[in-house]
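In the two complexes that follow, chain A is the common piece, with chain B as its partner first and chain C second.
Showing the complex of A and B:
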């Protein structure tokens, strides 16, 4: 058999998998977002807007906040790993910070649910240490709980990427800055972070997309309204068997994540053109 | 042989042995919490296997709440649409809400007349599920009821009506907790009870027929607006279990719960034993879980036998009432005779049979049910 024919044949099984299990379901849910019992149209989107506009804004806000915090913490962790002067604390941090990576979201949610409750472990500890008064203990099981869980769970992932990039930097620049008397914070922010910006953006973009799709954490932690888009999608399907509005919410999620992906791609191509120039 | 090989050989031999013994498998799919799967795996399954040598009961849990029933519906629906000659579910345990749809979509067998326990269940719920006639297609497994659980150390005089509850919540802000409508059925039930108390025509909500005008009526909107106001004084809890957890940690003093869950948590030592229940007037909903047999169940005769055993007075007494603290599915009088007085009394300490008869309501019929949930969503979306 000639080589040219072999290529497509070898690719075919993988391509079929992608089409069958990714392209087809995606297209199906996109299309059915426009179908309601009244026929084709925007009915599902109108309903999604009427009922869930607060939830959509809420989702974007808490996930943007979580992403920002993840960025701050992962830079701090990566920075300490590169610039830390006490080898023992660096070793301990290096060993510790990855742990949440191996814990699934649903388990993290379950742990936080008892940890952050009004009379939960966190408040009990603070009261026990006489840091707060029992009456001033508040439950963190609302949007704050989601943000805490997301940040706790996603920071190691971004920190892993960022720390790796930081470790592979040319240390001579750091040494030079240090010789000139720059503080460690200044070295981190002005020398290191700009050089690892690409890894940081990849990590944060992936985190944003991951957090957009998490259902277990909002379900377990956030009892209030508004809640996240995912929780509402689950509710539409489970309570009403209504795939139309659920798919419309899905389309809205895709648009939001595509927006972030577009920002990321634009950034990446800008970096590339700058590198060429 | 290496240890791993020995282990593998052992597993293989065990698998062979079990297939040699168990020729037929009865697949039981059940919606609901883990305790439903436990009930079949730990109690009913082994009992059935003992009485029918050569069979193996395999329980499959599809998840809590209506979501679990929805999955069973989708599984049967998919097999019906693909014209499968025999379906892979022989007996299903489903919630009330989906049952009407299962019957109207012709996914179930009319099996009830074929079993000898058919006449033991005569309550309304064995004839209609939320207004849809299901007579012949279902046998109730058990009845479940929601009620208000409270901490008697904090609440000396528990409210006995919704009116008193509203007053109490106003005087004790954030001490009443419930899980909204997206965190499980105990919260949904509280909202439905609210509509019976303050909304239009509670009878019509429960029995139908559906009238879209009612959902736009003044009384409807008034009840919803009041509920929104009431929500300002409450704490929202994460789920059915979340309400019990918060009650137990002293974060709330009162909240709606499922009676059976309340009792089983107490029995397991997960709940402060002093907690009590109160069924408030005019009433709160409860619901049966149904045993159904799919229209093309592969083992339909065995399935009927299984349901007959499951709804026999002995099993209802020992399994449903004694072990799991559920209210029996078949009529109580058939079950009471099989139990000692103390066990029977335990089930009715806080909520008396009289309370159940007068304040135990059914959920609204399907379209009203959805309309109430959606109105609630609309209210909370526009705050």
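Showing the complex of A and C:
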């Protein structure tokens, strides 16, 4: 058998897998979003907008807030690992911060339910320490709970990428700034973060997409409205068998994540052109 | 401490864990002085520089600047600027931002920073490059930016960590002189780390030779070159031809004996450190200070007999590898001598550096200094 024929034959099984299990379901969902009992059109999108526009805004806001907080905490963790002067504290932080990486979202949701409830561990601790009165204890099982869970779960992932990038920087760049009199906070913000921006953006983009797709956390923590797009999609399918609106919500999710991906790609191409210059 | 001492290092010891890198370093620098720390890899010269900059903490000893103890000050509060071997320029900043960063950190108004940065860029011949990213500069230009960044803050002390080692040979020669003249013009105190002997000789007021974490000798380039205090210093400064002989002293005369010597003996003035010494010695000399002669000649010095093994032409002179007894030495001459030729080599007394043979122990030397000369076997 000649070489030209062998190539397509070898790639065919993998290609078939991609087409069958990735391209086909995605294309089918996209097309179904435009199909309703009335025929082809925007009906599903109009219905999704009328019923769930508050939820769409809610989703964007809490995930944007979570992403921002994940960024702040990742920079803080990475910064301490690189600039920390107490070797024991650095070693403990290095050992601890990765734990949530190995805990599934559904377990994280359950952990946070027991932690953030009105009579949960957080409030019990605060009351025990006499920091708050028992009557003023409030449940955080709402949008705040989702944000806390997302940040708790996603920070280690981004911190892992960011800390790795920070550790690979030429140490003398940090020392040069210290030598010129810069404080450690200044070094972190002015010398280190701009140089690890690419890793930070990748981490935050992937985190944003991951959080957009999480269903278990909003279902377990936020049993009220407004809720996230994923919870709405599950509700349309489980309660009404309404795949049309669910798919329309899915398309809206893809558009939102595509927006973030576009911002990332634009940044990456800017960095690349600067490096070439 | 003398009244003119500006930087005073007292009994400084530094280590990584249990491994001592520097032991009991004592050194004084005057204001405006340029000192070169010279030594081979691992001798502790960079460790000393990093300890001065505050990036390493000494296990004992003190560092004083103008009488003020700064031993435990963090790097940002030492008023010393370090030029790194890798330059350590920040790639996300322009030339102007790199040079002005130290001033920005000090909270100086933007207009003042702009004027100072322009001044520094002009001084270093970087006019017109201010807005370029540092990644778009050549090696020599980057080196200048790194120097400019250090000088912009007008530090009390300038620390240079092998800043020329990444430059090609031609540019290095130019930048050497540029740094030296700039340092003299600004009157700044400088400590320069290098493993390049010639670089240290042409740049420094004084050279500190380090070996295994200790200072071997401190002195002006000429003093070290003409009067090395130990076999290590002699070898490091180019006197790497070594002949093993036997020595006896009498008053101010040193009698040398050995099969390699013409007539089996030679007489030279006795150096101070061999007072009362009798025993095996190693005589060091440079290839360009030995001379191939046709017959015996007058003047203080020794003469060796040898056979030419090989001759090569590195440019300007002929370099001969000559077998002298069991040892092989290099001797330069204007004319080439054929392979296998018997030659007589003359080494003037002032170009000959004689030290107790390395087999002679420190305790033997100590006893000699106490006046009880030990009879060492030849």
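Keep in mind that, in the parts below, the second predicted complex is superposed on the first by the 277 of 277 C-alpha atoms of A that agree within 3 Å, B and C clash if a C-alpha of one lies under 4 Å from a C-alpha of the other, contacts with A are read in each partner's own complex, and residues count from 1 in each chain.
Everything below uses one rule, namely that a residue touches a chain if its C-beta (ideal position, glycine included) is under 8 Å from a C-beta of that chain, and two chains touch if they have at least 3 such contacts.
The structure displayed is predicted, hence computed values, not measured ones.
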item	value
Combined model on chain A: chain C and chain B, fit or clash	fit
Touched partner set for A:141, first chain B, second chain C, both or neither	first
Chain A-centred angle between chain C and chain B, computed on Cα centres after superposition, in steps of 10 °	150
Residues of chain A touched, compared between chain B and chain C (which is higher)	B
First (chain B), second (chain C), both or neither touched by A:172	second
Touching partner for A:272 - first (chain B), second (chain C), both, neither	neither
Chain B versus chain C as contact partner of A:183, first or second or both or neither	second
First (chain B), second (chain C), both or neither touched by A:51	first
Nearest Cα pair across chain B and chain C, whole Å	46
Shared chain A surface residues [contacts with chain B and with chain C]	none
In the complex with chain A, residue positions of chain B that touch it	65-67, 70, 73, 179-183, 235-239, 242, 245-246, 249-251, 370, 373-374, 377-378, 380-381, 383
Chain C residues within the chain A interface of the complex	53-55, 74-77, 80-82, 84-86, 88-92, 101-102, 105-106, 133, 135-136, 149, 153
Interface residues, chain A side, partner chain C - complex	170, 172-173, 175-183, 186, 191, 194-195, 274-275, 277
Interface residues, chain A side, partner chain B - complex	50-55, 113-114, 117-120, 139, 141, 219-227, 231-232, 234-235, 237-241
